[in-house]
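Going in written order, the chains are labelled A, B and C, and every chain counts its residues from 1.
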Amino acid sequence: MQPQQSAARDSRSSAVSVASVPVAATRGHGNGDHGNPGRLRRPVRRARASSGRPGAALNGRLLPYLLLAPTMVVIATFLYYPMARTAYLSFFDVALLGRRLRFVGFDNFRELFVAENLSVVVRTAVISGLVVVLAIGSALGAAALLNMKIRGTRIYRLLLIWPLALSTAVAGVMFLMLFNPTFGSVNVVLRVFGVNPQWFTKPILAQAVLILALVWMKFGYNLVFYSAAFQNLPQEPLDAALVDGASPWQRFRHVTVPLLSPVTLFLFVTNTSFAFFDSFAMIHVMTRGGPLDSTTLMIYDVYQNAFQFRRTGLAAAEAMLMFVAVVAIILLQLRLTRRRVHYGS
Amino acid sequence: MKRVLRAGVAALAASVVTVAGCSSDGDDDGGTDELNANGDIVVHFWHGYGGQRLEWVNQAVAKYNAQAKGVEVRAESKTDYDKLFDAVLLAAGTKAAPELAQVVVTYTSAALKSGAFTTISDADTEKTIDPSSYMDAVVGQLTVDGKLTSVPWAHSGPVLFYDKGLFRKAGLDPEKPPATWPELLAACEALVKVSKVSEYCIGIPWHPWFVENWMAGQDVPLLDHDNGRSGDAERAALDSEVAQTVFQNWKQLYDEHYYPYSTEGYDFPRQMFSESKTAMTVSSIADAGYFQGAFAEQKRELGIGFFPSASEKPAIGTTLGGASVWLTAGLSPKTKQAALDFLAWLTSPEMAAEWHKATGYFPVNKKAEAILQSEGWFEKNPAFYVALDQLKETKVTPATSGPLHSAMPEVNDAIMKALEQVLIGNVPAADALKSAQEASNSSILRMNKIK
Amino acid sequence: MRTRVRRSTAVAVHVILGCLVVVMCVPVVFAFLKASQNLTVSNSPSLAPGGELLDNVWTVLSKYNLARLMLNTLVIVCCITVGKTLLSLLAAAAFVYFDFPLRGPLFVLVLFTLMLPTEVLVIALYDLVTDLGIYDTYAALVIPFLASATGTLLFRQHFMKIPRELLDSGKVDGADPMRILVSIVLPLTWNVIAALAVIEFVYVWNAYLWPFLVIQESERQMVQVGLSFLITQQEVSHVGVVMAGVALSMLPPVIVFMILQRRFLQGFALGSDR
């Protein structure tokens, strides 16, 4: 269910980045060892007065296992097992709804990089890339504007971030109607200029609407994080730049943006996940992947392969590919974040 | 972080190995009997019917349960044949699996390959079912490698239903329905454009069976190797000229507004015809019972003719449609016998005759036809005989024997996807069929690799 | 600290922000206007507000069963929120307040699930729920989502901030661990629970892919999927009714968000901890 996963994704790298962003950015995690969860294994005997890393704060030999049991059972059954099974199936040709399996090794993966499958992969990369860049860029700009001393920023912000409470399905329907060539308001305006674009029958236009809708949806979410980040910016580097005679734009580019890089990297991950996975509802509602497969991103292709073309093995391979891509991006983000913070801003 | 990653990957790898080890793709445990509150054996019977046919099945099952000892049959509708097939495959090997399930004739090979069923020849040790008591044509289609796969039950041919009254009004001969494509077009022009007695001309259910039949009528099999009957098929014939003609015909009907487009299977054209929005409809003879009843109520005159051919040449015949009843795999001896007993009763001469009278499905039991003849049923209802007539007049060739291959579900999907593109996507028939051909071929070859 | 700006810049900024607001709000204004129009007007380009809002809303609630679907979704939301909160809380308590041999590895296993998005898992999850016999049931919508790494981390972070003395005092009183958790830790945790609940409400209400795949019976479906079926049913029949459906489907989470903004953002902030 994309909701819980959005929550997971939002906090996924955030939790993990919390784990690795030390010192200035975090509040004390006791030993100052970045709160690396692996280190929890060593119970800390010294408990600080105010907050501490608790050792065995409570007694109970069986109790902790009981407390953990429901969680472990659920994640083993409904997360780990399906993940393993998906990985397993990706090496098979699955026929007749799973009744017959034929081992094919990496053939499914090879098939993903051939002809029309390759175009799905490329299309996903390009469209996701555009969505991420536009959504983050626009939110950064808006946050900078909201950070200026003008009146009404709170109302502006509220009116700008509210779409983060929407589902992509609802947004999809709204955009579907808004861009309808006959009765949609967009074309009403454009007709004044003499054009009446057929948004959902021309591939490139359909892609444009998809990108716009996805950016529109994620903008608010990004703005929330950037706004908070702006409020927490340390003042000295900015003041120093001012003293050095830097113009506002230079200050922004060379001081503010680098200072914001941890947030930017975090948003990069969450926006990519959003574009990869949450776009399903929007595609299904607006275009069903058409026209001529132009809005078929990988997540939609996985659905079609598994549930319409009965190519379960291929779909599993495609899902694995997306999984690997997301993990790679998370790792990249972690590495970059660590490096950024280590070498200072 | 690295530690988390390493541990997580290790856990994942461990679970993949476990999953691989425990994976059973098709093992069915030796069955146990399911008993109801009275200790009777429960036999679940899944079929694909709604509406009037569903009613008939429910009444028949009730009748059987009333007189059967130690058995309770429970019928369940799965809406249509495709959903039914998917449901059985998914349920196979689990507690939710039925004992009996209908499988449409086209999926005979797929059913065999799925391992979810046992053939009648293998299962029927007590010889409860006698293959020679059924229509030869049907038994022939259901016999693979010398084994009778399933019990014939609900079989049909495609026919043309038409409104005699509207024909008269349009100046057409109500006793001579169109038999070739040019005749069909002429009739449509008369009905819709000239005398304007009907909003649309003809409905066609959104189903690949009609494409198959239009091709078979021109003696072009859907698959090579004699429609998959003289060896594993390797390619479909969707790139043939005939296939293109069929698609172009359908498109022509759409463009001329003779045909109301809908992807809702059989329901939509059935409704359109009974509401008099189309003057004709092709459909299965199994709709005869329904249409006859509806027309009688509305005091209209129903006409039934042979399925029209796709060209000016008359068709050489039609393929068999409908669904037989299969026994699922892994049943205990007692349950299996109970299921077979029910099947024998369901396809007995009396019940087969009743089923025919209510729907129009072929009287699959040879003696049933005799009963109907002796009752004079066909004299009073000559229209019901049309499909049987058509079947008897069919020249038996690989084309009219229907396709046999386990990839048929996917081939069917490819055909309808291509058709949709041609009708509303403005894709030329040749291109759409080429894609369908490629998709079908790769499905066929993939299934061939699974032994 | 916020930047001070000149008058002229301020005007420009207001203009830009104003345009952005327009862009962000146009779709919903459009939706509400269309939802108020009757059949002919709504299918036309006109944006004139009509008087049919209540009629369209009524149609979509009753004839197209959206009321039932919203109720279904509400039930699912409650089940998941309660279940997830409970499981995460217990798990976090186990990790934070106890020391036991497998603590490290189990924590790692929980943490790693952050990298296992449901969308990747749907294929196998679909087969799994079919095998378990819960296909097309509420169980399939709820049970897979009862565990949460995010929730566990949120509660863990919170628990780690609770001063040890509070717990120690409980131990001195001779209370057993569960009593301590319930009577001392829990009362301090309501804020976090509320934040989590708010986020879960919005996310579950907006669920699409999984309910789409696993629910067959239209009576049991969830609201977002039901809405999408409304379009295909209607095709271009009655835009006003469709938009009324849109308005209804989006209202609960948006209202929750607007009113409980602080909690919502708190939940986000807890998650990102910057």
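Criterion: a residue touches a chain if its C-beta (ideal position, glycine included) is under 8 Å from a C-beta of that chain, and two chains touch if they have at least 3 such contacts.
Keep in mind the model is a prediction, meaning the values are calculated, not measured.
Q: So which chain is farthest from chain A, going by the mean of the CA atoms in each chain?
A: B
Q: Looking at B-C and A-C, which one has the bigger number of contacting C-beta pairs?
A: More C-beta contacts join the chains of A-C.
Q: Compute the distance, rounded to whole Å, between the mean C-alpha positions of chain B and chain C.
A: Taking the average C-alpha coordinate of chain B and of chain C, the gap between them is 44 Å.
Q: Distance-wise, how many Å sit between the C-alpha centres of chain A and chain C, to the nearest whole number?
A: Between these chains, centre-to-centre, one finds 16 Å.
Q: Multi-chain contacts in chain B: which residues touch at least two other chains?
A: 3-5, 11, 90
Q: Quick check: what residues of chain C touch more than one other chain, meaning two or more?
A: 108-109, 111, 115, 127
Q: On chain A, where are the residues touching two or more other chains?
A: Counting only residues that touch two or more other chains, chain A contributes 16, 37-38, 80-81, 83, 85, 98.
Q: Inside the complex, what are the residues of chain A that reach chain B?
A: Checking each residue of chain A against chain B gives 16, 19-20, 36-38, 80-81, 83-85, 87-88, 93, 95-102, 291-292, 308-310, 331, 334.
Q: Spell out the residues on chain B that touch chain C in their complex, using ranges where they run on.
A: Touch list, chain B to chain C: 3-5, 7-8, 11, 90-91, 94-96.
Q: Can you list the chain C residues touching chain B in their complex?
A: Residues in contact with chain B: 105, 108-109, 111-112, 115, 127, 130-131, 133, 135.
Q: Which positions of chain B touch chain A when the two form their complex?
A: So the residues of chain B touching chain A come out as 1, 3-5, 11-12, 15-16, 18-20, 23, 25-26, 86, 89-90, 92, 110, 113-116, 406, 409-410, 413, 425, 439, 446-447, 449-450.
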